[in-house]
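The first chain written gets the first letter, and so on, giving A, B, C and D; residue counts start at 1 in each chain.
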């Protein structure tokens, strides 16, 4: 058994960490946080140059052809750095949807552009409140033309294309949903930026008005493809969350060592020590669940649905827990805009909802465990 | 506003506390715990002599005619002392059912006997797994004859009479249920003692075989009466639970002050201090919720259903929490039979289920809050 | 056990109610009622102006600072009358936010330690809201360890010269006066070298800079002191006795912050009562119900705990540190409640455009404000210490800095 | 990343599996599989006898104490082979319970500190289960503060005379030997005056009394020493060096207890999968599902954490104190799980007649045993300290007794 990343993968992680430490300092993140740029274009370019954007894209489509484990270690570092770039939308959602269901022509058109940093992609799934579910898809597709409103769409305002879930049937079944590929620069869409909890990752409302679109995957297969995409993204996001949780834990630990109160390092008070120990515990559980998700993702194992849900829940909880208590360890300073704690708190609470809420994934996990037991 | 007990009521509490400290030491409780007696007969007699058994029973039926607030303060002390007597079955359930629905003759027969300690009563409601619900009542009553099995029946093996919930209709409505009064010494019943989590309060299985019974309250009114009885008992039990929680907290506090480790009182470690502070918090929330329940009970206010559910939930949580962490404060010693911690742990977990589970009451509370809001 | 007023209380309540009904700025009532943690503001008016006007009106009619003596601008009312007033004032009480520090902390400190002529001069305009006061205790190096402060006060003739920095000063930017805790002797153990003053916030050398909070709002300030001069007659208490003086203030702080603390539960319950989830009404979902029930009993437990404290007041007893549980319970709870409210919305929970302001925006504001509640006026950890030590009688933390001269205490952990 | 064995590992696994399949006491397999925390026993057989027979069989075939050197009764196997063996042994591994202390703690301590002739004499029968060992460290005055022990050892010629009392000694009543930590010098700080020995539990003056636990069972003992004599050659390590010797033992204790720790989750999930609640199947109730999901990810998180540790072993790395999280997480969790399992049964959850033994009884046993898990082998609080200090590098607690002579440390708090 080797339930760990390989030395090469660990080296890649170190490389990504070093790169991000240099190119994605908290100061750089703040440029986007403060609304001075919609995302960090320089960093995005650099990620492309490093080959990180296309790490899981096959070489024939311009990627590094490495694999999902390599993508996992990079995702962890993206989370740790709180990178203000459309990585998850483009790489976990759009690229994975193309890899699963794209035609050769579609892959050729978009995947190399993703890998080179020229194209930003996203998934347009949600239509207001609610979790991933066929019945929440009201946007219609008829004769290759889309009509409806998607909201929120992560990175929607900066995306070049979107994978759009649309209703093509009315049988009340999963088969009613089909996916479409839309070039967002080609007209027929209206994009509005939305105020949101984490300004380092934009959210938009996209209105499709008689918008031309090409099918992605077979008609009626949309939900089945989406489920796969969301499972993969759940694992990849879990690694971002684990990275974020670890960073929040480290920040809290460092502060507890540096800060003196009552003549002692505050980390010598059990209240603080034990809070940090509990953060370590949840971060560790999340990491281990995510590793299992990575294994299932990389081997396309039958365990993926269950593993993805477990990784998602565990990592969401850990990031929220660590981000929240990192602020508490910092006391009043943690509650200032100046300290970086709130960036992780915002990111943790945003990531908790991006692929559907914690409650949704709890429900999914139990369904999947039951299916496994029944099988 | 005087959201507190009166000086007289507080004096009664002190009196009860003093009496129980003398007559119901942990050593006395252990006689029952160790199975050497089914309950503490001496104590029961003493409680009758003190007038505690009939404190809320009107004078015309042999009681003190004081009221429910007086019963609340006594209940708290019963919980604090972990008294091994059938107080809750007899006083909160059987006597309250009689007070609500008994005919004059029934009251005259049983209430004076309760007040004088001559009769032990109980409520026979449950039939195996499940919570209070008309559909869980399968035992039938026809022509004044009962057939069926009740289990668990608290103090069933020592009870002289029982209030029995029986099915008298089959419309699938609350009106299918009627209550009956059964003299358990008069034949037609078979009583079997059950092994249970808290040996200081017996649980029994009672089989009714063509058992003669007289109706208690009008036919078809059973569920409505039961609901009132359970609400009242929820408040009264909450006081027992608050008393138990407080005692567990005190035991933990005292041990934390006495015990030295690493050259310090263990109560000087924040891990221990804060655990005790959190116990105090839940005990205080429970106490306040219970006070509100007491007010609603004593004034028969429209708020009683909601107040009873809130008191029940809060007190159940507090007692479980305090009993559990009292053991933790005691470390290994808390896990010995010799120390008293486990008696409170057993009692806390038993009381958590006696009137239906925490989940059940959570559900009830929300229903009741919705009804109030709708009204 | 009853919720009835005594005859005197009933009479007082009727008088208060009638006056409020005739005089309160009703046009803001609905808006104030709906505001929750993280967002108290008015859409079409400057809340500070509205607040000052309301306070002045109250003062003119004898309804300001009810428990203060009349000669200092109060009403000489009993503690329970003050509570009854608060109940009757209802949502308009939210307008007092800017006066809480002055009325709850600075005023009592002045009353206990200032010269009579100062009391007569400064307290009435404080009561009437014409002058706003702030409290200058916390420092970057202080935090929970308030006595670890470093702002120096050095005697120069009849004056003191102040240099240093304070932080977390609520309302410093609109305050006229402040009470200031300084270190006058760094060579003795930390609690012994402190001295308290009050000062004019417009004094030369005082610079106020707003702190941008994690939520983006700025409710607090940093205040810098550069050679600020304070006459010795503005000293409160003896030189070196500042710690004892400050305890009066802090005791009052914890009481007043604990009082009206938000749990977020009413908002969540209301929200869930109408919310549709993917599978049906939220309020019929068992998982939602279970969570709601658990929060419901915390919220009601706090409500009734505060009623017990009011009853004690009504009987002339002084409520104890038991009240610390309010902020401790509510702080974490509101954070959890807000997180869950967003969870119920799914992915849409993160956005807060104008059309979402009533729901997502409301709970997002709570989420971003809540971490502050767990820290201000004593962290959760300090609150647990207070409960453990003052209520349960457990030993204090081991104090390594107790007998060490202040300037020998390390300032950096590594 | 893969779950595959290396070729050598696969070969070892096949050999082990074949041998186990041919030799294990299959008649008890089902019963052992179903046993859970709080109740490992066999209905129709004495579990101690069955365990001893199985251990002897293993030893004769070279499958006992795999990681020990061959000359001491082991197999000289690698750490990963030991893990593979445990995986293959499966439920039969539960029979090893009575040997855990001897094999996991006493053996390694003897190996590190005993004379060669003693190792050759005592270790093989320990490995084969013919002789059972126990560990005599904890004392009533000790608890988490192991080094606070008071049992005295006084030199008398070539012997030491022991007086005092030990507690929480697992299996003392069926043990043949024990390792014993004593105080040989009470005038020096507590960690410096300790000395370790091993002794024959049948020595005159040793009295074993079972402790009745809160659950009613008796897995532990008190052991009293009255003028028990131990020859000096049974000393392990130098006089006064007992604390360092004991660290070897304790390090192993935390590793071995952490390994196979029960969470109660599989039992609960299985139970909920078939349970009918009043309104339908438990597994379709959202509140149940939410709770299950939260526990599921803890259980799987622990499982995969331990797989990561095994991978480290397989690569020849030594797993660190990260493993402390196992017991910490599982201890509270099994307590909560058991409480919830009873809750799901309603009032019937309290009774455990024979017909309820499979459900209520099982979870009741868990509930009563769980508080012990949160204490034994290091309390939750000690575990958090270990994580905070050894993993995160935070400072140790302030040690007021560090430089104080042992006999000057107070023994009573008030």
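Everything below uses one rule, namely that contacts are C-beta pairs under 8 Å (C-beta built on N, C-alpha and C of every residue); 3 or more make two chains touch, one makes a residue touch a chain.
In this text, all values refer to a predicted model and were calculated from it rather than measured experimentally.
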- [ ] Report the chain whose mean Cα position is at the greatest distance from that of chain C.
- [x] D
Open item on the list: Could you work out how far the Cα centre of chain A sits from that of chain B, in whole Å?
Closed with: 51
Open item on the list: As a quick test, compute the distance in whole Å between the mean CA positions of chain A and chain D.
Closed with: 41
Open item on the list: Residues of chain D that contact two or more other chains, please.
Closed with: 286-287, 289-290, 381, 384, 397-398, 400
- [ ] Spell out, as numbers or ranges, the residues of chain B touching 2 or more other chains.
- [x] 256-257, 264-265, 267, 269-272, 274, 359, 362
- [ ] For this assembly, give the contact graph shape among line, ring, star, complete and other.
- [x] complete
Open item on the list: Quick check: in the complex, which residue numbers of chain A touch chain D?
Closed with: 1-6, 69, 249, 253, 256-257, 264-265, 267-268, 270, 272-274, 276-278, 280-281, 284-286, 288-289, 291-292, 294-295, 298-299, 309-310, 313-314, 317, 359, 361-363, 365-366, 369-370, 373
Open item on the list: For the complex, give me every residue of chain D touching chain A.
Closed with: 1-5, 9, 269, 273, 283, 286, 289-290, 292-294, 296-298, 300-305, 307-308, 310-312, 314-315, 322, 325, 328-329, 381, 383-385, 387-389, 391-398
Open item on the list: With touch defined as at the start, can you tell me which chain C residues reach chain A in the complex?
Closed with: 138, 140-145, 148, 167-168, 211-216, 277-278, 287, 335, 339, 342-353, 364, 367-368, 371-372, 374-376, 379-381, 384, 397, 399-401, 404, 409-414
Open item on the list: Which residues of chain B touch chain A once you look at their complex with the stated criterion?
Closed with: 269-271, 274
Task: chain D contact footprint on chain B (complex, rising order) - done: 125-126, 128-131, 133, 135-136, 151-152, 194-198, 203, 205, 256-267, 269, 271-272, 320, 324, 327-328, 331-339, 341-342, 345-346, 349-350, 352-360, 362
